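Two complexes, one shared chain (chain A), two partners (chain B, chain C).
Here is the complex of A and B:
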């Protein structure tokens, strides 16, 4: 009996522990939400590990034969590897003697000496890899991890950029109103009157490719949704008593905007940030697929899918499966996590059941 | 009504100017000198010199902007930098295939979305409802690309039900032979988010007092759902369609690329690949104008759907 009383007591005490703590507790009680948190956290660890070079560092090494079979299907026919092997066999056939007409003939000795100086380690190419290999015999699992790193990094960085832009613009427009508001509303109207995908492509045409470029493009074109919401929040908050009180004690505009109001609207930003990460990961995948995203020497889920398109026809499904599954799991978990986050941070705004 | 439309048109002018300015800054200022952009793409220096003269690269920026405005008003964007085809001709010939794909898609997507969503909203909270919602979440997490890759391989290559890709000169052949697979795949992708969204619109209405009243006076469930609930949910649905429309003009770019459909979307992608600025500029500006007029049209349609709406 006393235990029961104590536990209810403890709960009421927690309740007054501040909105963030309360939100965290609501999130912890959400079972689906917590599972998603775990999955997302696992992905983040993976990304961090591969970014620090703990694993998948050697994803670019050609460790297997071309289109190496997955270890669990070792006996699949692999015509591509066969044909490449035959090709090397053919080249070993004794060449016709051309030394009297070959302009390079006097240099061969020197060239041979030079090549002898360079150490070449013959890689033992294996016939199978844990989840198969791609055209060059790269390990699909390592490639997927590296691809995840880049896709997720781009998604996060772009979402952060969009959130910062949207917040600053929204704060200025909502807080100052008047001319400032008109200016930002004008910019907003301009950006939203061009279809989103066309806007991205127009920016991509001018800025070229590269990771930083993709992040910039997605950020610059994607801030409008966050701006809209933040502007409304600032409009609402600037008339509240606590802001007027801050004004009365002489707090500057900047202080009121970013020290007083910002923490009170930060839950909106957090949910938006989380939603945009998913959206931008998807966008990056499509951009990279089209060849406007990450440069060729890097890998992302998008470039993997681009390769997978041609592989499927010759029956090599593993790269497609790996990229699709890893992306689908992350996107599902992240979307559900976003929903849980929204419910936890804003219990009044419970999603319609 | 007329006053409202005129006011809206008047308000479009600054936005329009902003779009022009944005495109101008992007392509003439950030994009830089065409001689540099096209280095290695066009070998003929005379042609590049022509393009530079046409854009007025050597002249001050305000004069270049004037040239750009002139191009927009006259609709004469010159010729494509890569194929030398007239930009207006590109527009005229590519819009048809895009609409052949997008129009049936929009029609089917909206109809199916409304019907399914109405059904699911009717059995809200039940096991069917939850199962469908979970299925939708999963369906939405898979990239559009994967649907197309697998769909094209499965139905086009493996089963051979549809041609893998292609396009002809005959409208009917396109519609009957080449369009079905891309439209079907796009439907598969779009039905999940549409269903989820429309369901939430219907749920907003389904618990309203007027629904209870309608039931209380003995109307059949069909009448309640289709006449009362649907009518009221039409406003957010209309908005949603209007938001999607300009995207549809170009949104099929992935489909068009995969299925080799000579439409606007594929044209944009090729233009981006080849730094073919005049084509991108023209398409962006005109689609922005189209979007603005569409938004106005939708606002007028609101009035028609719901006479209570007041024009402010």
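Here is the complex of A and C:
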């Protein structure tokens, strides 16, 4: 019996172009959209690779001199590296005899013997790095890759959290209406009446530092936009005949909300999700820039930008350039991808052939 | 009849639509017809026949980015070819000499301007009238189309008018500049029968007074019989038949024309099955051995469903905190006999749909009882109601809206079985779904398709199959065939009738179409403004209506073509 059904499935499956497949076909015909998909996918591979430790694992090693020049500009003047080098040199060549007043003088010999036992390998700090180095001589490229991992992860996780909150709240408010709606509207109004940055800072101050905190802050403060849209969608859809038809066959409220209506509003969620990813990547940057973001032992594009603030004054532009460029490319590609996705998913645009 | 000049000559009109980069669709394939001076030409056809596209082409209203009028097409108006006129010139003709009214008056009027503003705009644009002059003329025209108190109404906004009045305003705008040709695209389809009759009479009267021609586009041949001089029947972008109205109705040549005439249920006959188009295209004439179907309920028929004093109030917000109750249904009582059909007729706002929804608790009734085999459904909790929900099912009006677009047909059919625990497992449920798809005439390939891949009639079959999965005892058909073309309507009505014969279901058949209700129903209940006007066996009510309202409703039914000799 089931074999019969299976074979019938197999026979007929190919000829049904569902809404999703049709949407994908529309997306594939969008050249800009597809280029953006490739760019975003490349970023994701990068993030995945660095998360698995395939590359940029040693981003924290100080491989270059302080503010090492980019390889393509090796002859830039690097006063910082010079001064630190001079500092060590001076201390070596100027032995002033202080033994008569130095209480430690009798122990010098012993100390020297002890230090001789400890092996010190002097790292060969290079003068130039592919895209320059930061204050401690860390490789900017590796730092940017590692920073991308955190920034993008935070962006996606926070957007997901916001989308889930917004969807569930919006679905409940829009579908049930009445007092449930009043309750959620009240919460919504409270959240939106407080200036956004202030709200974020208040949460950040209470929860302390950490990646999880950043995600939570952004998620908790960012659901309002999605909520608003989903509520409107549910208000509209609950009156639709197909939902009424589902009621007629005895479908429960939950079933109607999440099995019947949700697939029909999923394009709204998806587009909102991707827009919020962009927004939250930027928000994380701002948070880290203000010092409320990721902890110091980690790096994100935001912390890089925060460091760049001081560097720019002394003419070290490469950390700023690296973080900004990689973020700008991702955000632009992701926004355009979002636009393409919205066009492709809009069922009103065109009936499927 | 004297020799008439042709106002418009359409010659070999071909319109091609671009669907996407590679595909095109020929909507109109070489159509030629004439619109003589001072006459009404009816363009009749079902959806997709190209009748509206032809009219849009005459008006130059087709979207240039997707519609292509092919080489060789001509629309001759006063020795000029409208298809080759420059845009500015066309805009002068459009609205002044040729004007158009549409199906949906509400969406055709701009909601933020008063009707006076909208009429005056046309007058000032095309006739160069001043503000005061235009206003005076506007009131005059409103008076002419039968708007009561035009001096006051000229300041109303569209939403303050009823549907019929809105359509009158549309007509007023269209005739304000005294056009030579009025194109009416399904002008009465969205209106009730009584309003439809008024609008038809208005159009006929205006045509006489104004010496204008009318191009009347409709899917309903019965309407055409009353107002048209000449009829053009279209199907699939081609003209099937073009003749005078008497010829069409008395000696139809093309089988398609005959099918269109016969598919529609008639008030004087009730065959076992309605003839469908295939009957005419394959052989000529209807299937043999057609007996009349007997209808009616007699004493002692078992009662399955009974409503007692059913009422429904809708609360309208009034003021800051107040509510005002609007009585949509007022103390309506009736019984539904087992295996029989109860027809509910009435104009829009009469509460017929509200009754249907209240019966199965899709909306909560305000008062009264609904007894289903003795159990009052309105008093049950949601849990207790579940076994009864399965037994009363509903088919909605709009087959495009009542199926979830993201579900495959298979999912749509299996879902109710899952909810009610019908069938042991997925395999058993799928098997039943396949059987039902066969039964409603869709075939098994439909199982994995999505609703958008089907036409309106096929979707309604899916909705019917969904109801059948639960083997209901009572089926409520809420305007279930109203959105369908006549030929499709006949097929779906036949299917519903076959299913009733097979499964002995009881139907509550809600419709504004009195002919369809007459054909389907054993008993008919007439509603007006939420109140029960009259209820009787259908033959009795149509032959001898007792109430004035029923008589009025019946007299508004389009009569089709009545030969001049028979007209009184």
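By definition in this document, the second predicted complex is superposed on the first by the 299 of 353 C-alpha atoms of A that agree within 3 Å, B and C clash if a C-alpha of one lies under 4 Å from a C-alpha of the other, contacts with A are read in each partner's own complex, and residues count from 1 in each chain.
Everything below uses one rule, namely that contacts are C-beta pairs under 8 Å (C-beta built on N, C-alpha and C of every residue); 3 or more make two chains touch, one makes a residue touch a chain.
Keep in mind it's a predicted model, so treat the numbers as computed, not measured.
J.: Name the contact category of A:240: first (chain B only), second (chain C only), both, or neither.
T.: second
J.: More residues of chain A are touched by which chain, chain B or chain C?
T.: B
J.: Go through the superposed model and pick first if A:248 touches only chain B, second if only chain C, both, or neither.
T.: After superposing on A, A:248 lies in contact with chain C but is clear of chain B.
J.: Give one of first, second, both or neither to describe whether A:197 is in contact with chain B, with chain C, with both, or with none.
T.: Only chain B; A:197 stays clear of chain C.
J.: Does the superposition put A:264 against chain B (first), chain C (second), both, or neither?
T.: It touches chain C, and chain B stays clear.
J.: Could you pull out which residues of chain A sit against chain B in one structure and against chain C in the other?
T.: Dual-contact residues (chain A): 352-353.
J.: Touching chain B in the complex: which residues of chain A?
T.: Spelled out, the residues of chain A in touch with chain B are 186-187, 189-191, 193-199, 201-207, 282, 285-286, 289-292, 301-302, 305, 308-309, 312-313, 320, 324, 327-329, 331-332, 335-336, 352-353.
J.: Using the touch definition up top, name the residues of chain A that touch chain C in the complex.
T.: Within the complex, chain A contacts chain C at residues 1-2, 5, 8-9, 12-13, 15-19, 240-242, 244-252, 255, 260, 263-264, 347, 351-353.
J.: Residues of chain C touching chain A in their complex?
T.: 19-20, 23, 357, 360, 362, 386, 389-390, 393-394, 396-398, 401-408, 415-416, 419-420, 427, 430-431, 434, 444-445, 447-450, 452-453, 463, 466, 470
J.: Help me check something: in the complex, which residues belonging to chain B touch chain A?
T.: Within the complex, chain B contacts chain A at residues 14-15, 18-19, 21-23, 26-27, 30-31, 124-125, 137-138, 140-146, 149-150, 153, 157, 200, 203-204, 246-247, 249-251, 253-254, 257, 268-269, 271-273, 275, 277, 280, 283-284, 287-288, 291-292.
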